[in-house]
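As written, the chains take the letters A, B, C and D, and residue 1 is the first residue of each chain.
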Amino acid sequence: MTCDLSVKFNYLDFKNPVVAASGTFGFGEEYSRIYDVGILGGICTKGLTLEPKEGNNGIRLWETPMGVLNSIGMENPGIEAFIKNELPKMKKWDTRIIANIGGAAEEEYILASEMLNNADLDMIELNISCPNVREGCMAFGMKEKSAGELVEKIKHTSRHPVIVKLTPNAENIVRVAEACEAAGADGISLINTVKAMAVDIKERKAVFENIYAGLSGPAIKPIALRMVHEVCKAVSIPVIGIGGIMNWKDAMEFIMAGAHLIQIGTANFVNPEAGKKIVSGMKDYMEKEGIKNLDEIRGII
Amino acid sequence: MALITDNKKIGNGIYLLEVEGRFKGSPGQFYMIQVAETYPLLSRPISIFELTGNKLKFLYRIAGEGTRLLSEKKGGECIGLRGPYGNGYPSVKGKIAVVGGGMGAAPLYETCKRLKEHPDITAVDLYLGFSEEIILKNEWEKVCSSFFYDIGGMITKHVDVADYDAVLACGPDIMMKKLTETGKKHGKKVYVSIESRMGCGIGACLSCSCKTANGNKKVCKDGPVFLGVEIYDL
Amino acid sequence: MTCDLSVKFNYLDFKNPVVAASGTFGFGEEYSRIYDVGILGGICTKGLTLEPKEGNNGIRLWETPMGVLNSIGMENPGIEAFIKNELPKMKKWDTRIIANIGGAAEEEYILASEMLNNADLDMIELNISCPNVREGCMAFGMKEKSAGELVEKIKHTSRHPVIVKLTPNAENIVRVAEACEAAGADGISLINTVKAMAVDIKERKAVFENIYAGLSGPAIKPIALRMVHEVCKAVSIPVIGIGGIMNWKDAMEFIMAGAHLIQIGTANFVNPEAGKKIVSGMKDYMEKEGIKNLDEIRGII
Amino acid sequence: MALITDNKKIGNGIYLLEVEGRFKGSPGQFYMIQVAETYPLLSRPISIFELTGNKLKFLYRIAGEGTRLLSEKKGGECIGLRGPYGNGYPSVKGKIAVVGGGMGAAPLYETCKRLKEHPDITAVDLYLGFSEEIILKNEWEKVCSSFFYDIGGMITKHVDVADYDAVLACGPDIMMKKLTETGKKHGKKVYVSIESRMGCGIGACLSCSCKTANGNKKVCKDGPVFLGVEIYDL
């Protein structure tokens, strides 16, 4: 049997549903030395801001039971350097490119999205969900009002399709998703990391300089799955499921919960070939189960 | 996956792990060791201790859950190994001081071994500081011109930095900072190998980012070896 | 050195901060065959409702990466049977008894708390956070308004000190905590389980009949710790930290984050002697570190 | 903690685990096996397969992550063991049919052994249904009066329930339900051992609660053995 892994995400075709998650895959270059990243459905860039950012001080990563806390704080070269130095390299691969953008203020998001208008990209992922910067970003994603207003503005300025990346820390993630849809978003991706904390009892202080950090990995998968299921039931734009996906089985769980695409983050650290393995694992599974197209099982729950 | 051929305790909480296979690497580089398939999640960065023929050795200390689980592995079992990663120590010339503190000794064995064999090197003096006990006492002497060790003291006191063409160091920050300062005074290059918590190990996640005199650098890819003045002279 | 593990929780003394969490310790009887449960600071009963409840159908427990999903659905013998059959047995142990009560409607909570007025208890833990019943319970804990109103009423009817158990699914857990404090709560306990989900890809359906269930265990510890820290900074009534505490180290993290007491839930399954071990582990740690009283390090972060 | 003395593969994904120590238990009871200290979190309920002197044996099938990790354990390693838990099979008299399907065979070995030794028992006929292959072929005959097995079929077809004083069963629901129905028709008692996901294993958490004709019961404490009519005749 020939199975078709391709996914229609609004008007955009993805060759398969496996996308590398922002911040865990750099700009793809490092992983391209390990496998042909062109086999992925897409790659989300590291979170980009208008100006270059140095990121947070102190410890940036901490392992928790089956999870990872990070406090990178959006270190990135800035949009201009991205367009000049990184994007041309990414264009060599036969995969969708999604620019993840964040900011401290509305104006920054707007300028960033304008600067990206002439860049050869497939989508913009509006990151309103990073818990690791003191100002903005996740603040926009906490409530439906601020989220909807920002999305509306970006939809006006951007010529690229805009997906909005939601935070599990939102007051009501379903209502934020609905507001984004109403504001014209072309898709929703969720979840970004869960605001969490670690304590170093030896030092008697918080591990992270910002005290709080973002939790990712298998630990949060059951929470992510629930939120993806809830959001898929509530909106009719396509959804990208993210959170703790380590293998093709986890990926299928998110598809069955209603996701069109899935993103893999922490899994890239655990096994740099995770993306490749998930693509082939999904294919084998579909063949064995006689699933011709993921539409057959998407949202079956 | 690599086959463990030996994993023996050689000191208080300190182990020497040997795996079999065809491995690459140069002194100061490290491997990411995945202790078990599922838990713990992340791999642990561990330096190359010795690389010969088809054997690769690691010297490690139980520092937490991951290294504890590693220490329970027996010959015949397998672990995940990725690498070699990082830059390793640069090539140097002349008379070299190699200085280690605590587990900072780990990358220095292969370092000394290669230096000693190198035609451009006139002498390799190894200085190791331990806090409790000396480990592998009889091994170190074989790979250097002269070996000095100290237990419980400050090893930097015994290194006459001015006397060397370059210093290669690995150990506590306070030790490497001291060497860097002295080196700067005497116009000597001091190379230090630093530690950082790692996610990907290959330069993609910026977990290991460190501020240097030349902007942010990634310990896993641009390091772990840096010029001391890049790190401590900010 | 003699260390004092005792904790003053409002006007109530606890011999140590280790309390068994509701729903994971039954009414203590089973564990009392394994160790002297009288060494614990306290025991929270299984969640009690006015009338007996049979609980949910189907699978009730599912393991996730370092976590446990449960959908017990409040099976319990009802308040009357509790007072008659369970409480007298519990009174034999030299430990604080906390009755955890839940309900589908305000009226049920009020009647339940009235019925407990003549019972020989130390505290009531108002469970407004169970995600596993279709009606009520967690619904009260989602917003500050509903939480505050309920607490105010219970404070009027109950002659026992009332602590309120919060849900991490709340829109804004800090504001719910503040509302409970304002309504007269004597303390706050958090967190109850996180609303989450599991999918059985073989069956192509949700594992739980209710689809969603509650996540507990080490996986949620970083989230719990963050919320406890946030709430401790916001209220001045004492707080009980709950969520993924497996050993004395975890317990100390919660104390340093500001908790007066801690509760252990899932840990009881992993090792039935967990409570005992945590008490002795905390004691040893305090001795080694020269900590005379937990006040010295409480909220140090 | 208990010391593993053996853990060998005896069939396709099926293992026989032996641990050493002074253990208690009666047929149909189970132990909670903690595979590793930290991960996976929960212990796995596994029935007593055989209990002799200072050896306790478990027969298990790789069903998921926990049993897979268990199968990787070697003699000399340790596992956590708590138990015996549950009620076990009740005492019966006369001519007994013992019926197992798949891994339901596990608790029936010790069950047959004890029945065979018992003065009140006139015959112990063992019926085992397997889906792929018979395991421990030569062992079963030793512990019963007559042994019948079937591969790939319906074992219940071969059991003449009317001919027995009682039936003790363990296996798929469909098998135990069938036996219960036939037993009821002929006025024979059929005891079934059922499975449920467990948290505490001792009756405190209500994870394993099951609806019975006599209200909710806990599989871990009131079971795992129930009268068939309590479970299937609702």
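FYI, a residue touches a chain if its C-beta (ideal position, glycine included) is under 8 Å from a C-beta of that chain, and two chains touch if they have at least 3 such contacts.
Note that this is a predicted model, so its numbers are computed, not measured.
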Chains touching both subunit B and subunit C, listed by label: A, D
Winner on C-beta contact pairs when B-D is weighed against C-D: C-D
CA centroid of subunit A to CA centroid of subunit D, Å: 47
Mean-CA-position distance for subunit C and subunit A (Å): 34
Between subunit B and subunit D, centroid-to-centroid distance (C-alpha), Å: 54
Centre distance in Å when subunit C and subunit D are each reduced to the mean of their C-alpha atoms: 36
Sequence positions of subunit B contacting 2 or more other chains: 38-39
Of all residues in subunit A, the ones touching two or more other chains: 65-67, 217-218
Residues of subunit A defined as touching subunit C within the complex: 64-67, 69, 171-172, 194-199, 201, 204-206, 211-212, 215, 217-223, 225-226, 229, 244, 249, 252-253, 256-257, 297, 300-301
Sites on subunit D touched by subunit C in the complex: 34, 39-43, 66, 82, 197-209, 211, 216, 221
Interfacial residue positions of subunit B with respect to subunit D in the complex: 38-39, 65
Subunit C residues touching subunit D - in the complex, by the definition given at the top: 23-26, 29-31, 33-34, 46, 54-55, 57, 59-63, 66-68, 70, 72, 75, 217-218, 266, 268-270, 272
